[in-house]
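Chain IDs A, B, C and D follow the sequence of writing; residue 1 opens each chain.
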Amino acid sequence: MSGNTIGSVFRVTTWGESHGTALGAVVDGCPAGLFLNESDIQQALDRRKPSTSLSSTTRKEGDKVEIISGVFEGKTTGAPVSLIIKNLDAKSSSYNELKDVFRPGQGDFTYQQKYGIRDWRGGGRASGRETAVRVAAGAIAAKMIAQSGIDVVAYTYAIGSIAINRSRMPADKNLKIFVRENSLFCPDSNAAVRMEKKIAAVRKKGDSLGGIVEIIVNGCPAGLGEPVFDKMDAELAKALMSIGSVKAVEIGDGLAMAGLQGSQTNDQMNKRGFKTNHAGGILAGITNGEKIVLRAYCKPIPSIAKPQQTIDSKGKERIIEIQGRHDICVLPRIIPVCEAMVNIVLADHLLRQKAIHG
Amino acid sequence: MSGNTIGSVFRVTTWGESHGTALGAVVDGCPAGLFLNESDIQQALDRRKPSTSLSSTTRKEGDKVEIISGVFEGKTTGAPVSLIIKNLDAKSSSYNELKDVFRPGQGDFTYQQKYGIRDWRGGGRASGRETAVRVAAGAIAAKMIAQSGIDVVAYTYAIGSIAINRSRMPADKNLKIFVRENSLFCPDSNAAVRMEKKIAAVRKKGDSLGGIVEIIVNGCPAGLGEPVFDKMDAELAKALMSIGSVKAVEIGDGLAMAGLQGSQTNDQMNKRGFKTNHAGGILAGITNGEKIVLRAYCKPIPSIAKPQQTIDSKGKERIIEIQGRHDICVLPRIIPVCEAMVNIVLADHLLRQKAIHG
Amino acid sequence: MSGNTIGSVFRVTTWGESHGTALGAVVDGCPAGLFLNESDIQQALDRRKPSTSLSSTTRKEGDKVEIISGVFEGKTTGAPVSLIIKNLDAKSSSYNELKDVFRPGQGDFTYQQKYGIRDWRGGGRASGRETAVRVAAGAIAAKMIAQSGIDVVAYTYAIGSIAINRSRMPADKNLKIFVRENSLFCPDSNAAVRMEKKIAAVRKKGDSLGGIVEIIVNGCPAGLGEPVFDKMDAELAKALMSIGSVKAVEIGDGLAMAGLQGSQTNDQMNKRGFKTNHAGGILAGITNGEKIVLRAYCKPIPSIAKPQQTIDSKGKERIIEIQGRHDICVLPRIIPVCEAMVNIVLADHLLRQKAIHG
Amino acid sequence: MSGNTIGSVFRVTTWGESHGTALGAVVDGCPAGLFLNESDIQQALDRRKPSTSLSSTTRKEGDKVEIISGVFEGKTTGAPVSLIIKNLDAKSSSYNELKDVFRPGQGDFTYQQKYGIRDWRGGGRASGRETAVRVAAGAIAAKMIAQSGIDVVAYTYAIGSIAINRSRMPADKNLKIFVRENSLFCPDSNAAVRMEKKIAAVRKKGDSLGGIVEIIVNGCPAGLGEPVFDKMDAELAKALMSIGSVKAVEIGDGLAMAGLQGSQTNDQMNKRGFKTNHAGGILAGITNGEKIVLRAYCKPIPSIAKPQQTIDSKGKERIIEIQGRHDICVLPRIIPVCEAMVNIVLADHLLRQKAIHG
């Protein structure tokens, strides 16, 4: 109801504010008997850290996750897994001057409208920091679905107007390792170089950049997703769109299909299976056993150093220049978050399918 | 859990198959005291009828809705409103030959994989006919939120590669009436003529067309949508993506924002409010009082007359040419469905906001 | 949210009013492949019919159930099963004079307070007639869990102050057949004779009777029920207490345990299993493989012919004598309803267990 | 789904094990703007502490609650409120010898059956310690509903076979203060003396005692509770039955009504309102504005010093004598838990009513 929980069987509830004591997630519905320790989760979390790359904030988010329930002698017990990440390097004083001002592109104005009160320290509940615990919860989901052979990988498809060249991408089986070795999670090293340059240039101008994340899922069995409202694509779209920066989501050939004809977009079948995968692995909302392909379009980071016009809580006009420690581009840090959300949705639907269809 | 219900407070559950006895929806959570009769709903349903336009099936879907509970002496009582639409012109015999064949682009294969059994008559539960009862339920939502001044209108933005010219659109206040007078729900009469021609040409070739629906919401108050997972844009994306043909959804400037910089996409404010609306009326997942703008990208209708390769339930390769009565383009008939889904989400969030925030 | 749905995986939503067009239930989450036809359900429904016994209303509730979705070629498809029972013998005119009066012991006053409007015909949504569709839905649940060897039977434990003598009860394996042959569903024929006499005497006085239903579940595997809030006993208590007449629920030795000591109430174990079953088959909210034992305490039917003081909707004092066709004792007609509710809860938890724990 | 969450709008999720690092609750759906600090919660928690009375364990549960999110500058923000209580005095070593043994009357056997694994330290997730965080969450609910004038108080009705004498109870308005000054939460000082003696005698014999908690709610407005499945009495029954020791729940005159006639149990009305309150404040599942009256029947504490027969995880027969630090009677410590559960249900339904009915 209040929007802090996702999932029907594998359920993740997050809590916490950017500059509060801690952030946390309660993962309920994880089957008993899964081997799990903090380092499984920490690895995913480390990928979300501000990189050494030029794209990121200089705030040190050395996030350390603690598992404080639901695991006994190295295995899940079926009880809720409570995860906590303490907020260490939270300089809320640097937000003092933004206390009464609605930053453009942020939730300041809408939270104030909704609740009549807001924790203005670093965006409070609306901060991107909340995604740290999504990543932690997603790591549990990933571990669980890996047992069924499902593997999710997200990577940079474009930063600003610079897109990758698909012909330079490594094969699917090498993709995950390849992108994780690149500070931009970019599967085309050539494009990565140009992206880094672009980021540097934009940083100098006090501006920020958008980009496109591509997510693929290998090994997903046919039959996941529920008819009508909880179609797999609908659930994935919601999960990705629930990430603050994402403003569009597409599945398979997605928006390009709107301009084509049925004979070009239908995936025909022969004895060996589907001949093409325009549908991106989902038919009528249910996985068809092919690779799932998704793209999330992210808007630029709204916190920019350039002067912007806005109003304060009394309606007075103000000019602000945001000086805090901010990322320039939401990629690559959003990539582990996209991965987490897809892992969570798949974990949930794997269990949903087990419940009803065995 | 089984995906046939949407909403947390204003909840819609649909049931029924394309060629069964009837289709229905149970609308639970509608406040008591709302004036409601069948003609309120029938009007919405009539807009979903196959039009006289060339784009549609020749199946006569003279759907008549019946309200069979929850309304007493012309007003809702707070009890669930049960809606039924009987299936009249259901020639399931014409599907006999498709009984064992998996039609490309349809749910035949995935339903079989998921359930081990499927109602093959006309797509069964996966048929577009299921959306008739969504439209009926959406009409109740629309009536309810109209009391708060919220008004939703959807229209054709593009059919195939033919898009409207925004400069030829009528003003927002005339838009609804204008598009409903046009058989393609197209706000640009000039483009509509070209679209009709395109549809005719594609019909001759035995092919089908995709397109883009644009939906706008006027009068939505600030503060709707819940943080984190149930952001308004996430909920709308899910609701639209749950319509069979939709393969991509964007909000506001959407995918275009991925290629831009923060200074171009932030909506600055002055005393009179937001100076621009790149965000499409939603900030940090919560409505900001501006016009909500959404686009749904639809793939072409998969049922085409052209020969296609596929397999049957025994894995044998087959060539099929689908001869049934089918639409050529999912637009304009999907337009009332998009409208319904947005109305349902807004009705739900209006009540969710009342519950917690007064 | 609006209280018309029960269950997490096996979900039942009911709709309809006592004197409306029809009543119905949507059963969502029933696994595909279950053999199901109307006569499976009709048999349960017939047990809820006013009996020839003196205890019942003379309203002819020749309820006929129709399955209008979710079943194809004799088997469930995984899609929602929609059930409808038309209201045939609904004389709402006989309620005209009660239109503005709040009948003591009924929901008239509270529905008016809650909604500001109410369907006064025969109790509307609050009527016991709503339980007809629970019985129908419960019959599907019963069929589903029978596949796992689970069998539920409910019977009369007491009517007014006349209780059965347990030593006269047939063995568990004969119990179901035995009680269904008795018009009072009473497992002690001797007590049944006295109960019939009591009912006749109370009818003459224009009064009504309460009673106690006992429900036992054989064959339930260990491990069903979820920790903490959704304990099996908590879920069963809710399900039974959701029946209008039930004012108390106990599990196993129940209330008697409050006056005893731990050494008397603990069920010790030996190699063959539990030595006693004071707990009624549930430990820490989870089934332990023993027989589940429940009792529901029902208040007398509130509709009595004796003059009663009340007020009308304008607050004016009134004396009413309710003349309609009413049952004298809620037993035996409530018995199939108790059975249905327990079947529904067990079906749901059987699937919940499958989802998470395999 | 996994049973660790209760509520639809005001939602409480608990996590943690008896001898883990900590226990916690996430309270989601609490309206913004409620004044809240840790001492509000600590007071309720302190009432659950093992008392100086003879009835309690000697384990020092000096539980200190921390609010770690959702409160900013002394007020709730609408974001989830995360509560943590660290486990300080957890001597799990004392459970080492019980590691493989199923204690009679406890969840050891059923958890093992359900999950195939269990945290055997002090009952793990099934421990009564989990109720500490329910009390913490309930304190927030109590504070919220107090704004609407609703006040819940629970007290000892009976310990073993010693019941209070209602004529010795203080008036409702003094009741709360009175019972909180008595170490047994007993409203009849005379009975309290006999209860203390009984507890002392039973302790010497190495046995334990059951009892009955009575809960009353003053000031609850008419109209709360949802029809059909989520009736107020059904929801309260579930909430109380979800407490480990509770084996029966009754509302109003409850089980006594089963033996009476309608003319004795109906609450007639006159201009001033209801003339009696046999129904316990709830009619047709909806509050009627009268005092709500509930009783929870608790079984004796299963951990007793007397030798008991049981089996170990390999099925071998064992004799155990439980020596740990345990309560003798679940009352009075369960009283704040009953209060908490009722507060949580009422808070939830107050918000549910606001959502739909304004």
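FYI, contacts are C-beta pairs under 8 Å (C-beta built on N, C-alpha and C of every residue); 3 or more make two chains touch, one makes a residue touch a chain.
Being a predicted model, the structure only gives us computed values, none of them experimental.
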item: Set of chains adjacent to chain A and to chain B; value: C, D
item: Interchain centroid distance [CA atoms averaged], chain C/chain D, Å; value: 27
item: Whole-Å separation of chain centres (CA-atom averages), chain B against chain D; value: 47
item: Where chain B and chain C are represented by their mean Cα positions, the distance between them in whole Å; value: 39
item: Chain A: positions in contact with at least two other chains; value: 1-2, 4-5, 8-9, 14, 29, 32, 78-79, 114-116, 125, 227, 352, 355-357
item: Topology of the chain contact graph, where touching chains are joined (line, ring, star, complete, other); value: complete
item: Chain A to chain B touching residues, read off their complex; value: 1-6, 8-9, 14, 102, 104-107, 109-111, 113-116, 125-126, 130, 158, 160-161, 202, 207-212, 222-231, 233-235, 237-239, 241-242, 244, 247-255, 257-271, 275, 279-280, 282-289, 297-304, 306, 308-311, 315, 317, 352-353, 355-357
item: In the complex, chain A residues that touch chain C; value: 1, 9, 29-32, 78-79, 227, 351-352, 354-358
item: Sites on chain D touched by chain A in the complex; value: 1-2, 4-5, 8-9, 11, 13-17, 20-24, 26, 28-29, 32-33, 66, 68-70, 72, 75, 77-82, 114-119, 124-125
